[in-house]
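Every chain is named by a letter (A, B and C) in the order it is written, and numbering of its residues begins at 1.
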Amino acid sequence: MIVLFTDFGLEGPYMGQMKAAMLREAPGISQVDLMADAPAFDARASAYLLAATALAFPSESVFLAVVDPGVGSDRGALVVAADGRRFVGPDNGLLAVVAGQAQSASAWRVTWTPERLSASFHGRDLFAPVAARLALGEPPPGEAVAVDQLVGADWPEDLAEIVYLDRFGNAMTGLRASSLPADSVLCAGGQKLRRAGTFSDVAPGSAFWYENANGLAEIAANQARAEQLLGLKVGDRVELARDETRNDDA
Amino acid sequence: MIVLFTDFGLEGPYMGQMKAAMLREAPGISQVDLMADAPAFDARASAYLLAATALAFPSESVFLAVVDPGVGSDRGALVVAADGRRFVGPDNGLLAVVAGQAQSASAWRVTWTPERLSASFHGRDLFAPVAARLALGEPPPGEAVAVDQLVGADWPEDLAEIVYLDRFGNAMTGLRASSLPADSVLCAGGQKLRRAGTFSDVAPGSAFWYENANGLAEIAANQARAEQLLGLKVGDRVELARDETRNDDA
Amino acid sequence: MIVLFTDFGLEGPYMGQMKAAMLREAPGISQVDLMADAPAFDARASAYLLAATALAFPSESVFLAVVDPGVGSDRGALVVAADGRRFVGPDNGLLAVVAGQAQSASAWRVTWTPERLSASFHGRDLFAPVAARLALGEPPPGEAVAVDQLVGADWPEDLAEIVYLDRFGNAMTGLRASSLPADSVLCAGGQKLRRAGTFSDVAPGSAFWYENANGLAEIAANQARAEQLLGLKVGDRVELARDETRNDDA
């Protein structure tokens, strides 16, 4: 299965042409849209989203990941293998978090170039054919590179920032819930947020955080938009607060 | 064929992860997006839309239907078979209209639970695997339940309300055109609306109703947005008016 | 492969029902969304977009092209073959540019009618089954018609207008870059625009034009929205300016 993760949107001819390029090379391979609305031009926030959401896919999946503000410049192209899953995309940090969080990871710098490479659409012309060939079982068309040489190799494993706002106004952080003490209190938008199991555990209109279906700490509100309630946007810091109430109780 | 009907939107990782869950279980089965923009959190309006739009699909189709404001609560999970088509979704009324309109209908309460069930994403973790297995020919993984025991079993077969506004500003009602006298006059947004065959049958800027391609009475306007012209929103009542002009003529 | 090009949007049941109609006729044929956001009701702008974006697809592809403000009227239905690629759609100019730009083109007027034809959704009821059968290798179900008899046969091969604004604010023209002198200066929104190779070749905030990944002259701005910077919309004229600076230099 080839899984598409981009900031292209579903508008315009971009996704379709990229899919057709893969279908041409690998007609029998299923393609699944994971996200077309990754944070636009934001390889760092997108990297944490990709690492979390990729875990729901079978380990033999190939991910075509394109958030690529530097297209047309001389940024490199990568294949990363992380705990079996393989990722194709630009060397701008987008694949660094998935490599950093993995038990085992390898990377290759893509040296293959297509016959026809447009300046603005490497997703279709370069990354898509590479992903298709990986899905067919071919080896990465490039040279091995140490994972610690990737752009973003020095980024933390978890990011204490908002990385995505969904259409319901929920705010995903780059923090894996498993990396936080179970009774952590998060602070965002000037408000302290306790952990809850699910939406109906708190009063209507109240904000909280919970472990979302992809394992990330997500800030939400019962029957309200956390984004508006707390004035959140992608890139906002999230602090781990000292839980004073609990300390008083102890 | 598995047909997806949700209020998830196409943004975010939700649709893709749900599709991957089905592809994993049933790799050879086609998946088609019917709607991802069913009225959000509105199982009742969505139920009438689902019943009308499902009829265009082959009778062996399996529908994954998720409009589920109660996810994480103790609402039940259902399989409904209606005139051959099978539907998987929450027991909140979403599947009640399709059952109520059918010539023959059966229902099962899902008792199977997945190994890993997130609190917030039963679409991916519970309903998707059940739909995939039905599509593969497996029986409903649960216990038969009488159709009149479903939430929404007491809802009417047709709903005299706006259930969907499309991107062109057309307003679908929950009324099947076949349930209305042929020369009915509908009243919505304070205006009386005559039936027309198609858009070009009325003057530009005029509103009317017609039988849409899914058999529903739909309120539209020639070269204008009926939604704006009449100030309509989902949930607004539609009245069957006494047609005075015709009465005068008679 | 069947490629879908429409102005239907991805909202609502329209795309899904059209895809299911094709899947029913041609279950083994892949379907790819090229665009669902072609300029709404604008067969002329859409025709230039279709001609440019179709070239990225294999020559055996079948295109289902529906931008059809006249649905329900007596406009004809066509199959066009252009350099191997086949197109199904309304006879309103949408398929005229692809025919006009081709080395060799043929056309057929569709005479087949489906058992059930709704007044408002020929995409699903008429064009989709025809496209599916073409993809299966069947001949066009109609009578040959001369290409110069199609609506739009008198339209120019290139259109000096904005035909599409993408989500990044870039403005595609209907001019193939290959049809312009290499150092052309375009004039749009009252500003003269020089050609650049890619975004980073110009100063941040500056507008320019370049050959996009589909061969069209596209107006863009580095780290800014050309659409806003220049106040552009679909249908705006683009002029080929006399390049005074270069003339002074010569």
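The rule is simple: contacts are C-beta pairs under 8 Å (C-beta built on N, C-alpha and C of every residue); 3 or more make two chains touch, one makes a residue touch a chain.
Note that the coordinates shown come from a computational prediction; the quantities given were computed from them, not determined experimentally.
Participant: Shared numbers divided by all numbers used: is that above or below half for subunit B and subunit C, i.e. same or different?
Facilitator: Different residues, largely: of all residue numbers at this interface, under half are found in both copies.
Participant: What's the rotation angle, in degrees and to the nearest 5, for a C-alpha fit of subunit A onto subunit B?
Facilitator: Nearest-5 rotation angle for the superposition: 120 degrees.
Participant: Just curious, how far off is subunit C from subunit B if you go by their C-alpha centres, in Å?
Facilitator: 32
Participant: Send over the residues of subunit B in touch with two or more other chains.
Facilitator: 10
Participant: Give every residue of subunit B touching subunit C within the complex, in rising order.
Facilitator: Where subunit B meets subunit C, its residues are 1, 3, 10, 30, 32-37, 49, 53, 56-58, 61, 164, 166-168, 197-200, 210, 212-214.
Participant: Note which residues of subunit A are touching subunit C in the complex, please.
Facilitator: Those residues of subunit A that touch subunit C are 9-13, 15-17, 19-21, 23-24, 27, 71-73, 118-121, 124-125.
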